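Each structure below appears as structure tokens.
What follows is subunit A paired twice: with subunit B in the first complex and subunit C in the second.
Our next item is the complex of A and B:
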């Protein structure tokens, strides 16, 4: 059953990823990207990590895909993609990515990750354990990440702020 | 009778009917029955009452009063029943339908109108049926230049996404279509689909008013997503679980709203914004942009979106009850037996009427109180619609991004203080265990 689901999800994910790259209509490409990200959430469900799967859906489908589609709708003009890829470039790209995949697979196959043994009785990943580790041993990392994100948001707000408009709308009191 | 065809012969008429019957019989024996048996050969049949439930046994058990209860008992515990009928789609659709009628009547009374009056003679109780028939029989108009695939798919996606949210809402201990460990996160993840569907539909309509409405919906939902999620957080901290059933079970001593009233308020306001109800109905502001993102909908497309909206209303009201109003807990008002002495009687019909083996007073009580509380929350949402004007979009965004997010933190800190002070929560002075 899990194998059938795995094959189905793989076809869904890779197929919609290919559509999202090859589709001439940009909007359909965006929708296919959302479906592809949804397929990845399905993989997380199969891997017994529903928490990660839900955040994959909430963040990637609910936020990233929406923003991508939103952008596509706003800058929709037929001349956005004029450069057609030649067959030569396409084939070399596919070969390059396959080579990278083989290299990466070899890396993982020889690393300690392949030594893990999983059983049905004990879940491989315990969410509570992750939460505890995150707030005790790895808390400095969490704080640094939080500051980085806060800095990025404040920077984005500072860049997006236009004071000339502000003055026009709200005259000085 | 004058309009009858002059070539009409009664014998021909009877002959054609006999021919039709023979054809159907031949069709059934030659094709339908072999297919049924072929399928039954491969489908593993369930065991009920110690016997394999074949279709013949099913029919014979259904007509025998003494053997009906086990079959029904088996059926209501299947996953399909849970997803499609009781805690799932049909139950929610029933509540949604009664909500639509209640809304029209209640708002009419509040605004000194009469509301639906004629359909069904008594206060227009069949108005909804009439509206449904009208929507089904109406032509579906697809605007020229519309993206047909998305235009047809988006309403179906809207309803199915709403049904997915409904499937996560438990109505009694163990009575939930999908019991997920990360139930609350799943609800918010699925709610995140709605802006995408609305945006796609509004774009596919190829019209300016739907597109403006879609953009408004996107802004509104993104602005209220964060306070929505954050306001549910203290309830999760209390229960020590993201499972909605566990969150409800953690409130058997007191309701969460007693400890976190501010968060309940924020959650209520955010769910109004998520549902696009007055005062947050900017995406479908009918006095500004025709009907917002619903402008180009007609016939059953409009019907499906309306159904999805009211399913969502039920789901969010149920979520409010589960998180803040103590879930399904309430005083036990149902008797231990429907008909006293029925379980020991010999009359099988009496046992059938008393629903012996089906009737569980605790579960019925839970379902009753959950439904009552959900209706109270729905009524609050409807009354809000009756007495409020629409707010401006800049005030809406300001409310969402500044005020609501700050308000959610107040109760979060209160709850954290209570838990670390050892008063409430798992292992506290006043706790469940």
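Our next item is the complex of A and C:
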């Protein structure tokens, strides 16, 4: 059975995930997204993965959620309040998500996954082992990932650049 | 003690919330939030199985996945900002240049 910590974290995560989509103000949605990502980091701590939890907090809560909140602030106010959705679309969305949930629940209930269990006998994954994997077998992946991140950041900067104010900043000839 | 299927159910609920957001919401920022929720649910499943086996490679893949989705969000928000500059709106139904 699930313990109290797990139940609390799941209520926090799922509740703030719903709030992040359903809140009227987009700014509160961004903050609720940060709380939900923190809840996922808590799940990682429960699963004996403190390094991944730290990475999650640093990248998701520290960068992604803050980036979303900054974008909310860049966009003018009438756009940050949700317009009314059509009821038909809302109902079909709820039906689709419930159908997915039922399908996935049937998969979990009927497969051997429900008989798996975490054993306390085997020790949790050591952080040193993760570092060794990252720097030996997966080191090409790490390098490619670094270039991907750099390329994405440069691409985002180039996309968001404004061409119309460029002439003003150039020195007079 | 928690079982792996508990974490799978939590991940399934998060994915279905994300699907609901993608289907219903038309605000570009909400779509990005939904995509983030789905990506996080997948990471949760991978870490749960990595704890069960136990195998460090699952956690290594989750680290890669987190970095990739950070890059994806940066590009997505950059595209959204220029779209806002063109259309003065972040509602995706207003972006009609690619239609027809």
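In this section, the second predicted complex is superposed on the first by the 120 of 173 C-alpha atoms of A that agree within 3 Å, B and C clash if a C-alpha of one lies under 4 Å from a C-alpha of the other, contacts with A are read in each partner's own complex, and residues count from 1 in each chain.
To be clear about the criterion, a contact is a pair of C-beta atoms (placed from the backbone, for glycine too) under 8 Å apart; a residue touches a chain by one contact, two chains touch by 3 or more.
Remember, it's a predicted structure, so these values are computed and weren't measured experimentally.
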Practice item. May I ask you to decide whether A:31 touches subunit B, subunit C, both, or neither, giving the answer as first, second, both or neither? Key: first
Review point. If you stack the two complexes on chain A, which partner ends up touching A:51: first (subunit B), second (subunit C), both, or neither?
Key: both
Review point. Touch check for A:73: first (subunit B), second (subunit C), both, or neither?
Key: first
Exercise for review: Considering only the touch criterion stated at the top, classify A:139 as touching first (subunit B), second (subunit C), both, or neither.
Suggested key: neither
Check your understanding: Touching A:63, do we find subunit B (first), subunit C (second), both, or neither?
Key -> both
Check your understanding: Which touches a greater number of subunit A residues, subunit B or subunit C?
Key -> C
Check your understanding: Which positions of subunit A sit in both the subunit B and the subunit C interface?
Key -> 51, 55, 63
Point to revise | Partner subunit C, residues of subunit A touching it in the complex | key: 1-3, 6, 10, 13-14, 17-18, 20-21, 26, 29-30, 33, 36-37, 40, 43-44, 46-49, 51-52, 55-56, 59-60, 63-64, 67-68, 71-72, 74-76, 79, 82-83, 85, 89-90, 92-94, 96-98, 100-101, 104-105, 108, 113-114, 116-118, 120, 122-126, 129-130, 133-134, 138, 141, 145, 148-149, 151-153, 155-157, 159-160, 162
Practice item. Quick one: which bits of subunit A touch subunit B in the complex? Just the residue numbers, please. Key: 27, 31, 34, 50-51, 54-55, 57-58, 61-63, 65-66, 69-70, 73
Point to revise | subunit A-touching residues of subunit C, taken from the complex the two chains share | key: 1-10, 12-17, 19-21, 23-27, 29-30, 32-34, 36-37, 40, 43-44, 47-48, 50-52, 54-57, 59-60, 62-64, 66-75, 77-82, 84-85, 88-91
Review point. Quick one: in the complex, what on subunit B touches subunit A?
Key: 147, 150, 180-182, 185-186, 188-193, 195-196, 199-200, 203, 218, 222, 225
